[in-house]
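What follows is subunit A paired twice: with subunit B in the first complex and subunit C in the second.
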Partner chain A sequence: MTSTGTHDGSLEQLKREGRIVVVGASLAGLRAAETMREKGFAGSLTMIGDEPYEPYDRPPLSKQVLLGNAVADHTALPRRRAIDADWRLGVPATGLDMAARRVELGNGDAVEYDRLLIATGVRARPWPNAEEGALKGVFVLRTRDDGEGLQRALAAGPRRVLVIGAGFTGSEIASACRERGLDVTVAERGDAPLVGALGGVIGAVAAEMNRENGVDLRTGVMVTSLEGDPSGRVRAAHFSDGSTVEADVVVVSLGAQRNTEWLSGSGLGAGPRGIACDAGCRAFDVRGIVTDDIYVAGDVARSPHALFGYQFLSLEHWGNAVAQADTAAHNMLSVSADRRPHLWVPAFWSSQFGVNIKSVGVPPMGTEILITQGSLAERRFAAAYGYQGRLIAAVTFDNCRWLPFYEQQIEATAPFPPPFSTVDRRPEGTKPMPADFPDPSVPTHGPTITLSGYSPADRKMTFTPGR
Partner chain B sequence: MRLVVDLNRCQGYAQCAFLAPDVFAMHGDESLLYNPEADPAQREDVMRAVAACPVQAILLEITDEDMANMVAPDAVAGAGSPSGGAR
Partner chain C sequence: MTQALLREIIDYANRANPYPLYEELRKTPVSHDGDGPYVVSTYYEIHSLLHDPRISSDAKNLKATGDDLLGEQSDEEGTTLPPSFLKLDPPDHDRLRRMTNRPFGPPHAPRRVHDMRDELGTLVSGLIDGIVETGQLDRIDLVDQFAYPFPVSVICRLLGIPREDEPRFHVWAEALAASLDPDPDADPTKRGQGAMDARMELGMYLAGLIEERRKKPGDDMLSQLATADGPDGAMTTMEALSTSALLLIAGHETTVNLITNGMLTLLRHPEVLQRLRNDPDLAIPIVEELLRYEPPVQLLPQRTTLSDIEVAGVTIPKGASVWLMLASGNRDPKRFENPDRFDPDREDIQHLGLGSGIHSCFGAPLARQEAQLALSELARRLENPRLLEDPPPYRQNSVLRGPRHLPIACDGIRP
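Take a look at the complex of A and B:
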C-alpha cells in the first residue's frame, strides 16, 4: 500500500458504505456532493435543504432576473455529474446531536451520519421592525422566491423604489431599477455605497456612478420607519434627517445573517459570525477542539488563512463556496496526511451601471490604496490596497484582465506600494492615500468579508478562563 | 439546458456573446449577463460558446429533458440515456 492512506480500513469502509449528510442544498452543498462522488464515495448521501428547490444560483437574482433577462425559477445550477442523493428538500435541519451523530429535521425525522457537512449559508437580514417588514411591497433579496417577487413588483411599474443599504446587492438592485427606467432612492448609513467592502476612495467613485445614472442617493442617513397605507401596503419611509420618501416598493438590503441558530446547544462552535473551523474545514466545538467528523463550507464557515495573518475569514463569495466545498469533500474522505488546506484567495465580482467590478484579496484589511492603473474619473482602473507594507488586495473597475496579475502579487506577499511600474499609470497613481474604511465598530452595510472572530462592536464579550 | 458562468474566471472576452447572442450578452464593456436556463433551440450555439471561452468559465449541463427534445425517442433508447451533467 502507498502512503495515500489506502491502508486505513475505516476510511475504505466509509467510502464503500458510509453515511454522509450534507445540510444546506445550495452551491457549496451541491459542489461538495459532486466531489465526494468523484472521489469514489459509494455510500449513502443525504442532502437537506430548507427551501423546496434543488440547488440554484443566486448571483443572477440581483442582475439578469431583475432586468427581466432571465426567470427566477430558471436558475437551477448545472450539475458536474449525477450525485445519486436522497434529497430532503423543503425541510430545515433543526438540531444536531454530536454524540449520537444525528441531524434532527423540522418534520420530526432524524438522519444519522458518519460524516456531516454543514453548508447552511446565510439569509437576508430582515427589516428590524417585523410589522413594517411585513407590509406589502417590502422585499429582501436572497432567495429565488424573493427574486421572483421583486421582479414582478418592478415589472408592475412602481412610481418609486427605495433601496435600504448600498452594499453590492443594494447597488445592483438600484442599477437594475434605473435600467428599467424606474425612479429609485438609495439610503445608506455610511458615507458612500460599497464603503464597507472597498473603502471611501472607491466608495466615492460608486457614489458618482449612482448619481450620474439618476439614482437619488442619500448617504449618512438611516431609515427610521416604514409607513403603510390602510390596505397594508408600504407607501413611505421616514429618514433620520427628518425627510420622508414616498415609495411603493422598498428593498431591505442590509446584508446577511448566518444560518447557525439550529446548532445552538449542540456543542458545536457556531454563532452569529458563523462556524469556526480549521483550514481543513473541520468544525471546532465550543471548547475550540476540532471535530473529526463534522465539516463546514461556504458562507457559514470561518476559517484561518495563512496569507491574511491567520485571521478567521468568513467569505460570502461564490468562488469561496465552490472551492471550500471541494476541499471539505476531499478532506472528508481522506486520512490526515492527505488533507488539503482551504487557502483560496478571496475574490468577488459585481456588475452595476454597466461597470464590471472585481476584487481579489481582502480590501477591508488595507489601510492605504494606490491607483496603479487607469483613473478613478474614467471609472476604468485598477487599485491596490496596502497593509503594513504589503499588497493585500486589489480592485478593478472595467479592468478585470489585470486581476490575475494582482492575485499573483498578493500570493507572493509583494510589497506595497508596488516597486514596479504598471501599464497606464497616471499621476494620481504615484502616491498611496488612506483607503478610508469606516470604523469597524460602526457596522455599515455591504462588507462580504468578516475579518476576525468577533466584531469590535461586540463589546459585551467577556472572556472567562475555564478550569 | 442549464448553465453557469464562473464570473471569477470570466475576463470579458465576449466570445460567448458573439457565438450565442440569445443566451449571453455583454453589459457595458466587460460585464457578462446570461440566461442560466437557455432554450434547447440554442444548444448548438451554446456548445460552441462553451468550447470557445478562452478561460473555460462556462459550465453546461445538458439535461435528460433536453436530450429527449433533441432526439427521437427510439434513438435515445439505443444510445443509452445519459444522466447528469456533461461539460
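Take a look at the complex of A and C:
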C-alpha cells in the first residue's frame, strides 16, 4: 500500500492493512501504539527500541528505585491494552530513507512503513571527558540499567557521593542519598539548584532545602576533572575554585541530549534541539516542509505552541510524552480535517527532600514572579510567573491542589500580576519580583524546557543541521 | 426562579428524588436571583471552583447574610468550639488538617485505615448477628439496626473512646445528629437545647479524655493529636476538641447515608446485588458509582468569594455566598454518559461525591472501606432481601441526604 492515506478510501486501507513503525519503545512509543490500536488500526505495527527491555517508567528511577523501595526491573509501564506488535528490542534504528519509506536497523535489517512515529527521546549528557567518565563509580541516570547500577552503588555505602548538576534529576538523587543517610556533595554551576527550570527566587528555596537536609551544596562552581585511583575507580573531583572533593560515587547529571543522530543525512528536520514538527506532530523536513507520513512525539519533539507565542517547545515531561503520543497517534490515522493540535499545557512534577514540587506552563519564559499563596519561608506556596503582563506559568511547593486553577488561568491568558485576592495570601505575595533566570547563554545543568523558534509573524527561519 | 427551585430542592416533599430538580437547575450552570446564593450546578464549573483559591470556606468572609435557606441545618458545631478545619482557609486549615492527617494517613500512618479492616469486619458481623438475634426478619430497619451504629463505633475506635463509654458516646452522637436533622414538628427551642446539652457533655467528656491521653498516650488518634511532636506540634485542647467533633459528625453522618443509599440502590438493582453477592470485590466500583449516583453530601453551602469571579459567563461578586451542587454535577450529562443510570462498570468516574481540592473528604479512605465492607457483607448474608417501602422515609436534611429508615425484609440470614 503506497497511498498517503489522505484520499478517499486510502485511510480505511491504511487502518486495515497499513504498516506503522514506531522508533523508540518507551513511554511515548507505547502510548501511541495503544492509541492506534484503540482507534482501530488493524495493520502491522513494529516497535523498535535500542534498549533490551519492554517499555518502562523513568520517574521512579531517581526516586523509589534509588531509595531501594522499588526494583528497577519492576518499573515496567502498565499496559492500557494489548498492542499486538512486532517488537524489535535491543536493536537501534540507524538510518531513515524518506523516499523509500524505510527505517534501517543496526543489525542490517530494514523495515518499511506507511506511517512512521519517531519517539527516540533523549539520553543523559555524558561527562565531557570520556576517559574520566569511564571510571568505575561514575554514573549517569537515564535508563533502567543506570538506575539499578546507581542503586547498587548507593546500597554499598559509599563514603561520599558527588552529584554534578542540580537540576531536577540531580536534586532528586541528592535527596535520595540523604534519605539513605549518605554524605553527598552537589556541585552546580549556576547560583542555586533548579535555577534553570524555576529561576533564582525558587532556586534560593531549593538551596535552603538542600542545606537543611545536610547536602554539601556548592554553587557557582564547576567540576573541572575527575580523578581515579590506580584500579580505575573514581576517588576525587577537582573544582574550578581550586577545591577537591573526595567521593567514591559520582553522578553526572548535566541534562540531556536528543537522540537524533541516527537521522542525520536523512533530510528530516532533526538536530541537537530535537525534531521540529507542526502542532499536529508531523515532522518537518530540512526545507521546512511538513511531511505527511512521519510523526514525532515525546522528549525528542520540538513543536510550536499557540499559548506561548507559537514558540517551539522542547519538553522533557512525562505528561507531555503521553499527551503528544496520543495526539500523534490520532493524527496518523486521521484525514487532515480531523487532525488535532497538541495543545497540552506543560506540566511537571518532582519530589525531593519530602517536598512535592509541581509546575504548569513555561516558567523559564517568565520574567517576574509573585508568591500568590503561602510562604517561601514555610516552603509551602504557590507562585505565579509573569511575562509581558500575562500569567505564563506557576509552581507549587507542597500545595499542588491549587495547580488546576493556575493552569486554567494560563489557558485563559490571565493578566499578571493577578488582580484578585486568594486564600492564604501573605504579605510577601503582594509585589512581583524578578524571576531571576540565569542568562540563557550561560549553560547550567540544562533546563527541562527549552524555547526556541519563531512566531508565525517571523519570516527568518534558519535550520541548524546535526553536528 | 433559582430561589423557587432551591426551595423545592430543600422542600422535604422532594427529598426522595431531587434529581429532576437538579436537571432543571443545570440549564443555568450558575444561577442567582434576589439576595440568595449563587448556585453552581454543572460538573466542570463546580470542579474548577473547588480548586479556586478565590473561594473561601470561612464564614466570616461572607458579606451579606442573604436568605438563610437552610436555617440551622448547616450549623453542626454551634458556637461552643473554634471552627474545625472544614470551615477554615489555609494556612490554618492546612495546619490543622495536616496535624490530623499525621496519625490517620500516609506518609506517617500509611496503614492505619488498612489495619482497621479486621475490626471493621468484626463490627459488621456483630451488627448483622444482632439482627439475627432479634428474630424479626420480616421488618428490619437497616438504618437503626446497622447503618447508624456502625460508623459511630468506628469513630469511637479511631478516637480511642474506651469500650465501656461507647454507649454514652452513641447517645450524644444521636442527639447531635438529631440537631442536624430537625423534626419540623418538634419544639425548636427544646430541640436546640437538647443538642446544646449533648454538645457540652460530649465536649467535657472529650476534654477529660484528652487530658488523660496527654498523661498516658495510647495508639489512638486523640492521643496522637494531643501529643504529636511533628513539625506542627500538638493540638491545643480546643483544637483537638473541634477536630474530634468534626471527625465524629462528618465521619458518620455521611457514612450512614452512603451505606443506606447504597443498599437502597442495590435493592432497586437486584442484578447488581446478585453480582456483588458472587464477587465481593465488586464493592469497590459499586461504592465509587454510588458516590457519584447518590452522594451522601448533596451540596456544599459554605463557600464565599474573596474576589469577583467569572464562572460560565456570570460574574459572582466578592463576598457572595456560593452553593456547589455536588449531586447535580455528578449527573451532568456533559461529564458522564447516561448520568442517571446506576452503572458500576463505568470506567471514567471522577465524581464529586467526596468533593475535590483542599477540602476533599478527609475520611475518604475510611468511608470507602466501611461502605465496601458493609455492602458486600449485607449482600452476602441477607437471603432474598427486599424493600418494604419505596421510597423509604427520608431524613429532613437536604445537605446530608439519606433515608431516615430503610425497612427491608429477608428470608434468612446466612452465617
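Keep in mind that, in the parts below, the second predicted complex is superposed on the first by the 444 of 467 C-alpha atoms of A that agree within 3 Å, B and C clash if a C-alpha of one lies under 4 Å from a C-alpha of the other, contacts with A are read in each partner's own complex, and residues count from 1 in each chain.
By definition in this document, contacts are C-beta pairs under 8 Å (C-beta built on N, C-alpha and C of every residue); 3 or more make two chains touch, one makes a residue touch a chain.
None of these values were measured; they are calculated from a predicted model.
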Open item on the list: If we overlay the two complexes on their shared chain A, which of subunit B and subunit C does A:P59 touch? Say first, second, both or neither.
Closed with: first
- [ ] Examine A:R401 and indicate which partner it touches, taking first as subunit B and second as subunit C; both and neither are also allowed.
- [x] both
- [ ] Classify the contacts of A:F239 with the two partner chains as first (subunit B alone), second (subunit C alone), both, or neither.
- [x] neither
Open item on the list: On the A-aligned overlay, A:T372 touches which partner chain: subunit B = first, subunit C = second, or both, or neither?
Closed with: second
Open item on the list: Just checking: does A:A82 make contact with subunit B only, subunit C only, both, or neither of them? Give me first, second, both or neither.
Closed with: first
Task: Greater residue coverage of subunit A in the superposed arrangement, subunit B or subunit C - done: B
- [ ] Give one of first, second, both or neither to describe whether A:H74 is in contact with subunit B, with subunit C, with both, or with none.
- [x] first
Open item on the list: For A:N356, using the defined touch cut-off, is the partner it touches subunit B, subunit C, both, or neither? Pick first, second, both or neither.
Closed with: first
Task: Those residues of subunit A which subunit B touches in one complex and subunit C touches in the other - done: 380, 401
Task: Interface residues, subunit B side, partner subunit A - complex - done: 2-4, 6-8, 10-12, 25, 27-37, 59-61, 83-85, 87
TODO: Could you please specify the touching residues of subunit C with respect to subunit A in the complex?
DONE: 48, 51-56, 89-91, 94, 306-309, 357-358
Task: subunit B-touching residues of subunit A, taken from the complex the two chains share - done: 57, 59-60, 63-64, 67, 69-71, 74-83, 318-319, 322, 347-349, 351, 353-356, 358, 380, 398, 400-401
Open item on the list: Looking at the complex, which residues from subunit A come into contact with subunit C?
Closed with: 372-374, 378, 380, 382, 401-405, 408, 419-424
